[in-house]
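Both complexes shown next keep subunit A, but they swap its partner, so subunit B is in the first and subunit C is in the second.
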Partner chain A sequence: MHVTVEVVGEDVHEFDVEGASYADLLERVDLSPHEVSVMVDGRPVPEDQPVESEHVTVLRLVQGG
Partner chain B sequence: MAGLDLDPTQLDRYSRHIIMDDVGPEGQAALLDADVLVVGAGGLGSPVIEYLAAAGVGTLAVVDDDTVERSNLQRQILHRDADVGTPKVDSARRYVTDLNPDVNFEGHAVRLTRENARDLLSDRDFVVDCTDNFGTRYLVNDACVLAGVPFSHGAIYKFEGQALTVTPDGPCYRCVFPEAPEEGTVPDCATAGVLGVLPGTMGCLQATEAVKSILGVGDLLTGRMLHYDAASVGFEEVPIARDPDCPVCGDDPIESVEDVEYTGGCTVA
Partner chain C sequence: MECTKCDREAVMHAAYSGNHLCEHHFRESVERRVRRRVREDDLLPSSATPEDPQTWLVGLSGGKDSVVLTQILHETFADDPRVELVALTVHEGIAGYRDKSVDACEELTADLDIAHEVVSYAEEFDVEMDDVVESDPENMAACAYCGVFRRDLLSKYAQGYEADKLLTGHNLDDEAETALMNVFEGNTEQMAKHFDASLGPFDERNAQAGMTPRAKPLRDVPEKEVALYAQLRDLPVHMAECPHSSEAFRGEIQDLLLSLEEAHPGTRHSIMAGYEELAAMAAERYRSPGDESDLNECVECGAPTTREVCRKCYLVDAVHAAD
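Our next item is the complex of A and B:
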């Protein structure tokens, strides 16, 4: 499966994956599941689930105010 | 007509609002009748408080248990060098009362907690989340959603800012980030730094959302997380969908913030 991973505010990555989880995608873009939300169609998906979408959005948690 | 209640001084002070078709004397009267709570009088809270006071928001409440530190002054424009060591709500009070006698300032030099959240948030027309930690951020979200009070979320990091407006019929912060990250995994401004003018941009967006909500004009930043990159001057929107399984705004919500421990992951029991 060809997957586009958009890290909001940063880069867009393209990967060919088979049997990968969303956590695997995060590892390939050097991000930890603790610091982001992985989203598909506007909703977060569990990082341990297999990738089923061709477009994934990654949004960072930000705490400063 | 409510606008007829404005006195000559107010008609002069707010003339640039009143002349606008989308505001008018009725809109200005609505602002003067409005009750807004700002949670946090720091980087984001400073421009929010200043612009809402200038706009004539009739009751402007601020909750912050912090005192001014010299390292705040690079971005927290409410506070002066002479304020170092004094409560932030005192700086806010001085600024607001000096600027606009129409505003009833309500300062709370306490930390927002599960115990006082209902009293502080429930009866407001709008809440502005200008907090600097995840525990309070999740508490503001949960308490506002449960009370049906619209609020603006804002957050900043280095050159980047996020903003989202949550209304009773839209997705909430937990629909994007169901749980807080483990402590120490996401850097704060003290460890990562933040561009001093960035909270000015993001706070002005939040103040704009508050004013629009009170006036009932325009499109609020609901159902989309706004991301701003000051380095590239880029704005990006991420669509957000309401999660029917969300424990706060979903189909089977919790009844009270008492069901949540606002430490660690801020997980709903």
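Our next item is the complex of A and C:
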């Protein structure tokens, strides 16, 4: 599946993934699930779930070190 | 993915508990942890009555932590005549950054109808952080000055309001980072101070005259959950990072802590469980005879201090001398 990951206020990334979780997507953009909210259709989703949407928005909630 | 507790769609996964929670049960879970901490810390003693209520001063910065704390405390105690909430916002003199977060504070306190006061380093000390980082007379990180100034004003106004408690929005990540920093620095005396200042049960602390007891009711809630709570409830929160933020060591510890938490869910909770015991032992040890720190009054401002001139006045004088 081709997935677009938009990190709000930063970059847009595109990946081809198979059987990945939202946490796997975060790892590829070098973010921790503990510092962001992953949004699909404007709603937060649990990061351990399999990616089911082609458009994922990542909102930074916590300032990194 | 369904919520662990009902059939609604989950909005989050807490790896440390294994739970997936929907918005309703997630909000309930955050609020329950804050209320449990308020109870366990005995924030509201049985001596409080409608005729003689407790005054709690909340340090409200406009960031997610203090906004969530203020909102939950308000919803819990607004109808309880034994508690009066007052919010205090400190303007450090950081152009742009703090102006916007003061707006968030004013919006929240107007919505909730809470007494609110804004005080500034400029009016209190004739100092602005934007200038301090330029002159930097002590060759320190900006946060090292700012923390001293902020704590001084929170304490001073807590005394002025005759507040019974001073509450701040420190979350689980903040506290676990501070704990690890004290461990890695080998600073057992700082652990003892941490216990006496805010961690220990009030009746086990070495309370110091002239200091309002502090507490951190959000300290069981991970930072991400505080932020998610604010996002889901659409609370007025100012999200930007301070432009002078410079605590390099804390940043390293934060990265370490989050990668540990990722590999071993529950690490933050277990660090705090063990650290609280260690800090209690350290506090006991440093309380031994001959090691007591009697407080004097600062000769310049009268604040309690172990020196002749308190740290705040020393730094303010240094900044003015460098002008």
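The definition used in the following text is that the second predicted complex is superposed on the first by the 61 of 65 C-alpha atoms of A that agree within 3 Å, B and C clash if a C-alpha of one lies under 4 Å from a C-alpha of the other, contacts with A are read in each partner's own complex, and residues count from 1 in each chain.
Keep in mind that, in the parts below, a contact is a pair of C-beta atoms (placed from the backbone, for glycine too) under 8 Å apart; a residue touches a chain by one contact, two chains touch by 3 or more.
Nothing here was measured: the structure is a model prediction, and the numbers come from that model.
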| item | value |
| --- | --- |
| Partner chain in contact with A:Val8 - subunit B first, subunit C second, else both or neither | first |
| Subunit B versus subunit C as contact partner of A:Thr57, first or second or both or neither | first |
| Which of subunit B and subunit C A:Gly19 touches, first, second, both or neither | neither |
| Contacts of A:Glu47 with subunit B and subunit C, given as first, second, both or neither | second |
| Which superposed partner A:Ser37 touches (first subunit B, second subunit C, both, neither) | both |
| On subunit A, positions contacted by subunit B and by subunit C | 32, 34-35, 37, 43-44, 59, 61-65 |
| Residues of subunit B touching subunit A in the complex | 40, 42-45, 129-134, 137, 154-157, 160-162, 171, 175-178, 180-182, 185-186, 188-189, 192, 194, 199, 223, 225, 227, 229, 234, 236, 238-241, 243 |
| Complex contact set, residues of subunit A against subunit B | 8-9, 32, 34-35, 37, 39, 41-44, 57, 59-65 |
| For the subunit A and subunit C complex, residues of the former touching the latter | 32-37, 43-49, 59, 61-65 |
| For the subunit C and subunit A complex, residues of the former touching the latter | 1, 9-13, 15, 20, 64, 173, 222-224, 227-228, 231-232, 239, 241, 245, 250-255, 258-259, 261-262 |
